[in-house]
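Shared between the two complexes below is chain A, which pairs with chain B and chain C, respectively.
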Partner chain A sequence: MDLVPHIVNGLSLGLLFALIALGFMLIVGVMEVINLAHGSLFALGAYVAMVIINPAFADFGGIYAAYVGLPLPMRYVLAIVVAPALVAVVGMGLEVCMRRTYGKDPLYGLLLTFGAALVLEETIRLIWGPTEQVLTVPQGISGAFLFGGLIYSKYRFFAAAFALLAILLVWLFLERTPYGAVIKAGAHDSEMVRALGINLTRLRLLVFALGTALAALAGIIMTPIWGLRPHVGVDAVVPAFLIIVLGGVGSFWGAVIAGVLVGLAVGLTGSFASQWSLLSMYLLLIAVVTFRARGLFGKKSVLEL
Partner chain B sequence: MTPTTDGGRLITGPMLILFAALVTLPFWVQSVGLYQYLGVEVAIWMIYALGFNLLLGYGGLPSFGHGAFLGVGAYAFGLAQFHVLENLWVGLLAAILVGIVAGGIVGLFLAHRRGIYFALLTVAFGQVFWFVSLKWFSVTGGEDGLLGIPRPSADFGLVEFDLSSNLSLYYFTLAVLMIVVVALWRLVHSPFGKVVRAIKQNETRASFLGYNVRLYKWAVFTLSATTAALAGGLFAMAQQSAFPDVMNLVSSGTIVMMVLIGGGFVSFWGPVIGVTVFFVARDVIGSITETWLLWFGLMFMLSVLFKPEGVAGLWQDSSGESPA
Partner chain C sequence: MAKKEDFKVSRRQLLLGSAATAGATVFGPWKHNRVYAQATDKPILLGITSDASGQFANSGASDRRGMAMAIAEFNEKGGVLGRQVETVHIDTETSPATGTRVAERFITRNEVSFLIGAVSSGVANAISQVAQKHGVVYLNTNSSSPTESGENCHRVKFVWDGNGSNFAQAAVRNAITAFGDQWLLLTNDYVWGHNTSKATRELAEAAGASIIDEILVPQGTRDFSSILLQVQQAGPKVVAAAVGGDDQKAMRQQVAQLELGNGIAWINNQQDWPDVYGLPLDNLFGVFGTTWYWNLDLPGVQDFVARYQAMFPDTRMRVPGNVFYNGYMATRELLSAVERAGTTNNIAVIKELENIKVSANDRMQHHDAFMNPNTHQMQQTIYLATANAGTENSDDMFKILSSSAPDDVADPNAEAACKMESYEDTPTYET
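After this line comes the complex of A and B, so read on.
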């Protein structure tokens, strides 16, 4: 059996999984909050992007017609920028609610975001209905191409490249900017950061905004592959948390490597038993965590208490 | 969760009130606009929730994958009817045994975990069970589920009760619920229950006192899973089918929500209250709007933010005493 397409497939899936986990990692790393609403925000981002690309509003003085007349790539780029920003606002609202749970058992944060996930999913169902929706992508990145006698989907390559770019940008932001330094310091010792005169409340709000914007971005990129229905959030949040546990809470490269590992595991089992492919990621997690309690690169965290 | 003078008794006042309300339920349920089958569902879910609270409320161990054990119990009941013997006791015994085995094995992986890490691993295990039941078509029937599970009659040797009507099944389920309530009440007020509570408060201290913390956590997990599997067996009988749905993440989360809203953290009766609130909300809000889960979710968020002690906590505040 020729494994090359499965490895390529697994690698691209892995990068996408890492993208899904990125925002989740940021929030759990800095704030020690497991954001179970991550998947619902992921779905919300895709739905909002769908509306931005193909709005269905009444025509006000030809504005609508002019907007729809814009070329599709332009509207697509607009969606990629605006939808995450709008979802970030929702995320900031969630963070404001979360404030009551800080300093308590981390279980309360988990429960609150679980409730938020349910509320968001039901809201999506209320607005857009339970049926499958389609997010249109520009022609240039859809379709297929031939390479070495095998057919590959163009969109998958675009998505994987986009994920790689997003991962690198987030890494640069965390490692090479003063904001990133403050965020990392906040993850390490929030009391000390506050003592140094940095506004911790604003820092947390910023981290939540960034984390949820990344969730939305992942949703927009992932939707043409996974499809879009209200329930898609669960398909996203489970791999996200799984990758974080596998990579180790608070480790950036741990999450990326775990994402790629999970993608490869799913891709390769897909070549032997396609319908069991998703099971491999759960088994991978259980196997790793049984021997390395904190995941591959994890450090001790207050979440264990 | 403070120990009360009732702790040593076999049957307590609140138990009698609950039993009286449930025994008379078939006579008044229709006059308040609800229906007979709801009673069966509520009783089954009370068994499930009481067992779950052993883990969440008493052990402080949040499981987000408990639906797996309910589902496993349901499949075990159905498969035993089909492949072993069409008999009630065989079915329920199969559900319980499978619950012990599944809970025991998963418990081995979880017994040395705490807090959020415990919760995350339960999600993974819950998903494994859900996924297998969804894909193992030849055994579980995949997405369609196991259909046509019979409701064998309850044979007590001398007398035999036919359970084919919802009313008779309700009384049978209620009898099981009563046994579970009394057994769990005894358990949480036994020395075992006290150690479990001590572990919740401070695991390190409990282990320094010489208790085998892992063994206790494993035992609590297995017991809780077994109770869920028993409820699952009854559920298979009530629905006359078994589906993978009850095992997914949302269903597993729903039981956490029920127990928390009811006040599982502070009262033995929290799960009972929570199940009642949930089903009444489902049928009452659900008859007004299709998006009742949205409102229930909001209610849950408010409860987590402002009153994590739930309905039982409100009750304790207003009466100044513990209802347990």
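After this line comes the complex of A and C, so read on.
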């Protein structure tokens, strides 16, 4: 068996996993909140994008006709920009609800986000119904191409390249902007950030908005591959959680590298012993945390010797 | 702090308290139920064991709509044996453990007359074990593992869907002739997938095909890229896929993206209508099975569709599919069997169900159907279909290719595998 296609496939899958985990990592890293609604926000992003791409509303004064007359690529780009922004507003609402749980037992935050996940999923089901939906993508990135005697999906390569771009943009935002510096400082020592006069409440709101927008963006990119149904978020939240634990909580590159490792593990195992492919990511996690409890790039705890 | 004397109970108080307790026991909130239980107009209660969450949630909802329409039709005619038919439903969550718990609760707490509903074979098997323990008749409406009427058969359980072996029989010989003899099996790594692929393998090899590989697909797989690369590298003429639920939806989407549906012949097992409704037609690649289609040119079909649309005007699925049909037919036949038996006694109803014969007209299928008394599986017409390319009606997604008579597609191993409990070993149950 030629291994190269499987390695390329594993790398592309890894980038997609990293994209899924990015927003989750940001919220856990800065706020120490495990956002179990990440998956539902992932699904919501895809549904909102679906509506932006193919809206179904009454035509007032020819607005609808003019809008659907726009080329599909234009509506798709609009969806990629607008849907995460709209989901970020939902995320900000969730953060406002979260405020009463700060400083309390982490279980409160966990329960609240779990409840929010259920509410969001049921809301999606009520609005769009339980049946399978399709998120249309432009013609230029759909279909297949032949290379080396094998057929590859154009969309998959687009999705992997998009994931890489999104990862780089988030990294630039965190490393090269004053907002990023504040977010990183907040992740390191929130009390000191507050003491320096930075509005911690606003910082948390910003981080939650960014994290949920990234969840929505991942949903828009992934659902043309996975399919779109109200509970599709469940498929995202488990690998996202696993990846941030594997990479080390709060570590940006830890999440990216862990995502790639998980993608390679799943992809390569899928090629040789497909029945083990899903299990491989859990085995990888067990192998890493057995020898390095804080994950690959996690900060060393003061309790560690 | 209260003194000990404050809690002293006088003899008079004790007598009054005892009288009140006794009165409450006899006349209290339980009175209604007791009288109800003795009356002849006590409703017949069906315990619906159907998924409302998990990967078969959507099919579960369709299944329940089918049951609801059949029940409404009986109730409009005055019920069954003069009793109205009522239902109670708890989500079985596409989980065998939950299925067991729900069945136990329905029987011991709700005292249901019958259990009905299933899409997942694992859940159906779990429910039927509880049902057999109590002697409660259970209708497996929509799960299609051959084991359900084979090694996991029970005296109380009746299976209404065609199974993997039936569909494989309908498809395999034709596919070898039409597409070639190099076959690859894609198998969902759980009971239904394994049993369906096993049946396909036996039939294909017996007909001269060679199985060049079998790739196991873990439940919950969302990324099929590595599996589809393997398929391409193996280069089969035919891929026989036994992949179900959300896994199948993800696979279909990715096969369509790769345009692999054109280069390789795909034999998919049954495509449940709720899983495909509304999808683009290129997602419906290859040949697949079904037990019924809303646009069959047969008497009664359009009236059935009109009744569905009148009863469920708001559902997004504008026409009924095979899952709805099975839910409806199973419920209708159960209630008819109770009427013929003149009782809800389980053994009497089982004997009626075992002897069911339904004409093609009544089934809205091409051939007469009957219940196999040795396996308790409904023997019925099996259709092969493909995507209805070029249609202008978005609901008319299937193009029916063939219809096979029940005897031509009967599961050859079921009777030997099914070791059913005797009537004597089945507890008597009646509510």
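Rule of thumb we're sticking to: the second predicted complex is superposed on the first by the 297 of 305 C-alpha atoms of A that agree within 3 Å, B and C clash if a C-alpha of one lies under 4 Å from a C-alpha of the other, contacts with A are read in each partner's own complex, and residues count from 1 in each chain.
Throughout what follows, contacts are C-beta pairs under 8 Å (C-beta built on N, C-alpha and C of every residue); 3 or more make two chains touch, one makes a residue touch a chain.
Values in this document were obtained by computation on a predicted structure and should not be read as measured data.
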| item | value |
| --- | --- |
| Fit-or-clash call for chain B and chain C when the two complexes are aligned on chain A | clash |
| Chain B versus chain C as contact partner of A:6, first or second or both or neither | second |
| Which of chain B and chain C A:289 touches, first, second, both or neither | first |
| Contacts of A:150 with chain B and chain C, given as first, second, both or neither | second |
| Contacts of A:106 with chain B and chain C, given as first, second, both or neither | first |
| Which superposed partner A:279 touches (first chain B, second chain C, both, neither) | both |
| Which of chain B and chain C A:271 touches, first, second, both or neither | second |
| Touched partner set for A:133, first chain B, second chain C, both or neither | second |
| Segment of chain C intruding into chain B (one of 6-14, 42-50 or 96-104) | 96-104 |
| On chain A, the residue positions that both chain B and chain C contact, one per complex | 275-276, 278-279 |
| Chain B-facing residues of chain A, complex | 34, 97, 100-101, 105-108, 110-112, 114-116, 118-119, 122-123, 125-126, 234, 238, 241-242, 245, 275-276, 278-279, 282-283, 285-286, 289-290, 293, 303-305 |
| In the complex with chain A, residue positions of chain C that touch it | 53, 57-58, 61, 189, 215-218, 220-223, 225-227, 229-230, 232-233, 246, 249-250, 252-254, 257-260, 263, 274-280, 316-317 |
| Touch list for chain A against partner chain C, complex | 1-2, 5-6, 9-10, 12-13, 129-134, 142-144, 150-156, 224-227, 229, 231, 235, 266-268, 270-271, 274-279 |
| For the chain B and chain A complex, residues of the former touching the latter | 62, 64, 109, 112-117, 119-121, 123-125, 127-128, 131-132, 135, 248-250, 253, 256-257, 260, 291, 293-294, 296-298, 300-301, 304-306, 308 |
